[in-house]
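You will see two complexes here that share chain A, one where it goes with chain B and one where it goes with chain C.
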Partner chain A sequence: MPILKIDGKDIEVPVGTSIIEAAKKAGIEIPHYCYHPGLSVAGNCRMCLVEVEKFPKLQISCYTPVTEGMVVHTQSERVKDAQQAVLEFLLVNHPLDCPVCDQSGECELQNYYMKYGLYDSRLMEDKVKKHKAVSIGPTVMLDGERCVLCSRCVRFCDEVTHTHEMGIVNRGDRAEIEVAPGKEVDNDYSGNVVDICPVGALTDKDFRFKCRVWFLAQTPSVCPGCSRGCNIEIHWNKERPYQTPGERVMRLKPRFNADVNKFWICDEGRYNYHWIDQGRLLKPMQKRRGVPHEVSWEEAFGTLSGLFLRPQEMGVIVSTDMTNGDLAMAQQLFVSELKVKNVAYQWIRKSGKEDELLMKADKTPNTRGAQALGFEDRSGEIYEQIEKGQIKILFLFGHNLMEILGKDQAEKMRSHLETLVILGPHAHEGINLADWALPSAVYAEKNGTFTNFEGRVQKISKAFPPMGMAKSEREILKEMARQAGIHINLTV
Partner chain B sequence: MKSYPKILSKNFEVPHAQHIGVYLSGGGYEAARKVYTSWKPEQLIEEVKKSNLRGLGGAGFSTGMKWAFIPKDSTRPHYVVVNADEGEPGTFKDRYILCKDPHALVEGILIACFAVGSHKAFVYIRGEYVEPIRIFREAVREAHEKGFLGKNVFGTGYEVEIVIHQGAGAYICGEETALLESLEGKKGFPRLKPPFPAVKGVFGCPTVINNVETLACLPPIVNLGAEWFAKLGCEKNGGTRLYSVSGHVNRPGLYELPLGTPLREIIEEHAGGVWKGRQLKAVIPGGISASILRSDEVDIKMDFNSLARVGSMLGSAGVVVMDETTCMVTTLLVAARFFAHESCGQCSPCREGTGWVLKMIERIYEGHGRSQDLDNLLDIGKNMMGNTICAFGDAAPTPVISYITKFRAEFEYHVRHGKCDLEDRSQKSE
Partner chain C sequence: MNRSELTFIERLYIFEALKGILLTSRHFFWNLFLHTTHLFGLLKNKSAAVTVQYPDEIRPYAPRLRTRHHLVPRADGSPRCVACMLCETVCPAKCIYIIAGEHPDPNVEKVAKRFDLDLGKCVYCGFCVEVCPEDAIRMDTQIMNIAAYSREEMLLDINELLRPGSRKQS
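Moving on, here comes the complex of A and B:
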């Protein structure tokens, strides 16, 4: 492995590593626009120029492979002059409309100007006019004037999705990003072009004008949209709840994981968050004479723990949306402690769209986790036993019987039961069937793990507290068990 | 007037020389036949190296060396690509070869294909060259008919096909890797190098790209020998050159003269001197991308090395002569307009710089110059130079820097007075 020197630091990297990657390894940032480690090298922005000893010209660090004994300077006067010059060129025709630009706050033109620019403008000329606020797809907007023509989006559509919707048209300073005639950026991954756009040229219709990025908090998590378990960041509105009444999550962004999703997430996962704060079940409810009444958790725990005396009449259907911690608690309580025979997971949303890149047909995040904890897909047997009158008490996690069985069948099933306890985050139609409806937390409101389809256990983190009085399934079950005199301590 | 041997232009005055019969009667295709029937490729490459033939598209790289870069162990097909995208303003030499002596190019292509083991040559011809394309296409058809092209070249069983590709009007497609992209059906964006075309050229295969004039030199080298050819020129610059002389001279036109002919001799003897009895003001020696020379700098030998020494270049040998009435601001405006129009737009400095520079020069030209403009122009030009993927980023600021530096007083007058000092002078003299 060649050893080179960057800014006086000795660095050892594998043969073929570019200078920019070697520098990254040594903690040295080299500014860049067109370079993206998930795409081919375009070398067009010229922002990453560095001085390499024995080379007469400055070299682009994204494309120059390291060699043994190479000496690189990223902070020399020549490099600083070049960086400043490139920024000046990039901003010559830039509209400088930061106050109305959604990228403001996470824009590499802003960031680099403050770090590497800081020159006085010499521009006396009119700027080139280009197309603005162009809808180029169901989720993506283009502002041609803000674009630095780095071609990341074009390369993404060529190299990652192989859909080739985008291209650069015209020459010189009239060059613009465009979609092919009659086409739209409408593939299953189109939102990624917004992520990789280093400036405000591509913005996301879902996020535009919703929230200034500096009001966002970021929490690492895992996408619950399918069994791939793409690593994501939940961006949520920290201090300005009045800007977006009722919704805390503002957007989801991919988080790099070399083994799972690299730099990308699919659109299905990306826009799959509005449900988090919509139609939530806020308080525990008990049906009294057919009418739901709000109750306290203490009342609920007290009464429900009484049901634990009848484990042979009990059925439990967990969900593959639950974390491993929630599932382990259910397994401990119902299987190990109470010896309930009829415990299963129900596999809903198991056959959606699948592709070769990221999307998996199983649209739940933790089927492998449920299986690893010994749960089986036997919900059909449980429903049969309910109909036969063998099961009188059903603990149902997350599922909507109306959706699963249809309205008539669900009501019929309900009539066979003595007590139906539903734990779930949402106040959907099916919740009305329940004798007890207990509000549970969504993935963004809890810590835990999901096991993806390959068996990879991945951590999710709590972004914000559960809405209303909701608690995680794990807490609910633990408390209920404690009321029944059962103490469960999980270490997972 | 001194007279020199006509090598490349020997058929230019011959009637109907574009027809194969006439070409054959002058000993045409003998060189290619000799190479195919009795030479080895290595021997040919050595011979061309010895001839000091250099890339006449403008870069001046040794042709033999370029051929030798083709990897010997490659399993992929090798290609010869002919750069006939003659777009350098002030240059019209390849057009003459294509129109007046197209078989010299066909024969040159045959020889190049033999040298690098290629069975297919793509000829990328500038889109505007409608007539040259028609004539060259006819020449290829004739050569096919005679069996000089096709599956059995000169009965040796060696196959060579020529594919003619018409460009679509972009100057940048004369840059060899942009040409390859365009040939592959993509937008003409120059490629990052390495890999160089010799390793990974058109369609990912080893490729040699030669200019029309370069290839036309090959038959005479084979016929008369490398030493003879090398001696025609000067040190390290073999052969003759087709100088395209345009501008304010009495006899603008194409002149074949040895490499190393003094520029003053070209202007004053061959092109008949500056017209209308006026004084010489400036000369662009090698196409618009070359640094301008003032009238006191024209005592220079026209070869690659001599011009490089004074910070200019021989380039495409497009000699543009300007007399004393030429306004340098206007001249720079024309050059800047060209480069702003033709920048491919890939690299930030060139894309934004060429447009910015043009607007500034337009403003000066229109009489709204500011005192800091000239220094800014020089600085912006310097910032573009050397910082882009291809040489366009070096070419575009060259007129800006060289015109302003060499004619600073004239530019300053323009900025200060909002008009040309030449206008003022002519008005005073009237």
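Moving on, here comes the complex of A and C:
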């Protein structure tokens, strides 16, 4: 493995590593636009120039492989001059739309200008005008003037999705990003071009003008959209909630994980967040003479713990949307303590789109986790037993019977039951069937883990407190158990 | 704080009251005398007290004085403000509330759909004016009388900010 010197530091890296990667390993930042570790190297922006001893000219660090004994300078006067000049060149026709640009605050032009630019503009000519605010697909907006022609988006469509929608047309200062005639940037991963665009040329329609990025808080989490378990960051509006009344989550962004999703997430997962804040069940409800009434948690716990005296008439259907902690609590309470026989998980969204890259057909995040905890997919048997009258009490986690069984069948099933308890985050139509509807927290509102389809256990973190009076399933079950005199000690 | 004990004379009150009246009367008659002589062009080198009969009479304010805010309109009447939220970000009193929307012209793109400013919280620091990249908010209305009967009335909406004084007073 060659050893080289960058800014006086000795670094050992494998053969073929580029200088920029070697520098990153040593904690030295080299500014760059076109280089992206998830894409091929284009070497067109020239922002990453460094000085290599014994080379007459400056070299682009993204494309120059290291050699034994190489001596690199990233901070010399020549490099600084070059960085400033490149930046000035890239910004010659730039519109400086920062006040209206959604990228503002996380823009590499802004960042690098403050770090490596700081020159006064010398431009006397009129700037070249290009297309602005063009919709190039269902999720992406293009602003031609803001583009620095790094070609990351083009390479993404060529190399990652192989859909080839984008290209660069014309030459010189007229060069512009275009979408292939008759096409749209409409693939299952199109949102990623917004993430990799280092400037505000590609912006997300879903996020457009919703919130300034500096008002956002970030919480690391895992996408609950399918069993791949892509690592994500939840960006939510912490500082200015009145700007987006009733909406806390502003967007989801991929979080790098070399083993799961690399830099990407699919669009299904990316825009799969509006349900976090919409249609939520806010208070525990009890049905009295057919009409739902709000009750306090104490009332609910008190009454429901009484049901634990009849475990042989009980059925439990958990969902694969629950975290391992919640599932473990259900397992401990119903299986280990109460010895309920009819405990199962049910898949609700088990056959969706699947592809080579990330998307899995199982659209729930924790099927492997449920299986590992001993739950089996035998909800069908439970429904049969309900019809036969052997099960009188059903604990249902998150499921909508109306959706699963259809309206008539669900109502029939309901009539066989004595008590139906639904724990779930949403106030869907199926909730009306329940005698007890208990609001539970969604994944963004709790800590825990999901096990992805490969068996990889990944952590999710609580971004904000549960909406309304909701509590996590774990807390609800633990409290109910406590009231029934069962103490469960779980550290998951 | 140390207060000296009142003397017997002071505690009688009447002498102290007379002393006060004497002082006020001295100023009154002296200024009356000076104003009268000024009318005849005499004793001009001695200045007399000036009283402005506010609100019937309003002193001219310096143009740089920070007075009530206003949003600058474009030629078509829409606000020049592009809802960049810099003023909202910098405002130390957190009294600016903006909601952005789409502008039909792609060269403008963004415009404030809602712009509320709570004068009840504003500290008149002028940071919002200073930070605005569009020169869209100014504190140059020369309006100083911002009293109101309720907190709600202290909240200026986008219409009132675009056309200061247009809101009906209750």
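Convention: the second predicted complex is superposed on the first by the 492 of 492 C-alpha atoms of A that agree within 3 Å, B and C clash if a C-alpha of one lies under 4 Å from a C-alpha of the other, contacts with A are read in each partner's own complex, and residues count from 1 in each chain.
What we mean here is this: a residue touches a chain if its C-beta (ideal position, glycine included) is under 8 Å from a C-beta of that chain, and two chains touch if they have at least 3 such contacts.
Just so it is clear, the structure is predicted and the values come from calculations on it, not from any experiment.
**Student:** Looking at A:M1, would you say it contacts chain B, chain C, both, or neither? Reply first, second, both or neither.
**Tutor:** After superposition on chain A, A:M1 lies in contact with neither partner.
**Student:** Identify the partner contact of A:V15: answer first if only chain B is touched, second if only chain C is, both if each is, neither if none is.
**Tutor:** So A:V15 meets neither chain B nor chain C here.
**Student:** Considering only touches as defined above, state whether A:R174 meets chain B (first), chain C (second), both or neither.
**Tutor:** First partner only, chain B.
**Student:** Just checking: does A:F89 make contact with chain B only, chain C only, both, or neither of them? Give me first, second, both or neither.
**Tutor:** Once the two structures are laid over each other on A, A:F89 reaches chain B alone.
**Student:** Could you tell me if A:V71 is touching chain B, chain C, both of them or neither one (first, second, both, neither)?
**Tutor:** After superposition on chain A, A:V71 lies in contact with neither partner.
**Student:** According to the stated criteria, A:F209 is in contact with first (chain B), second (chain C), both, or neither; which is it?
**Tutor:** second
**Student:** With both complexes overlaid on chain A, does A:L309 touch chain B (first), chain C (second), both or neither?
**Tutor:** neither
**Student:** With both structures fitted on chain A, tell me whether chain B or chain C touches more of chain A's residues.
**Tutor:** Counting contacted residues of chain A, the larger count belongs to B.
**Student:** Touching A:G43 in the superposition: chain B (first), chain C (second), both, neither?
**Tutor:** Once the two structures are laid over each other on A, A:G43 reaches chain B alone.
**Student:** Taking the superposition as given, does A:V128 touch the first partner, chain B, the second, chain C, both, or neither?
**Tutor:** first
**Student:** Shared contact residues on chain A for chain B and chain C?
**Tutor:** none
**Student:** What does chain B use to touch chain A in their complex?
**Tutor:** Spelled out, the residues of chain B in touch with chain A are 170, 172, 187, 192, 340-349, 351-356, 359-360, 363, 370, 372, 376, 383-384, 386-389.
**Student:** Going by the contact rule set out above, which residues of chain A touch chain B in the complex?
**Tutor:** 41-47, 49, 57-58, 63, 81-82, 85-86, 88-90, 92-93, 122-126, 128, 148-149, 167-168, 170-175
**Student:** So in the complex, the part of chain A that touches chain C is made up of which residues?
**Tutor:** The touching residues are 97-100, 104, 132-133, 208-210, 212, 214-215, 240, 242-243.
**Student:** For a test of understanding, state which residues of chain C touch chain A in their complex under the given definition.
**Tutor:** Going through chain C, the ones touching chain A are 82-86, 88-89, 97-102, 106-110, 133-134.
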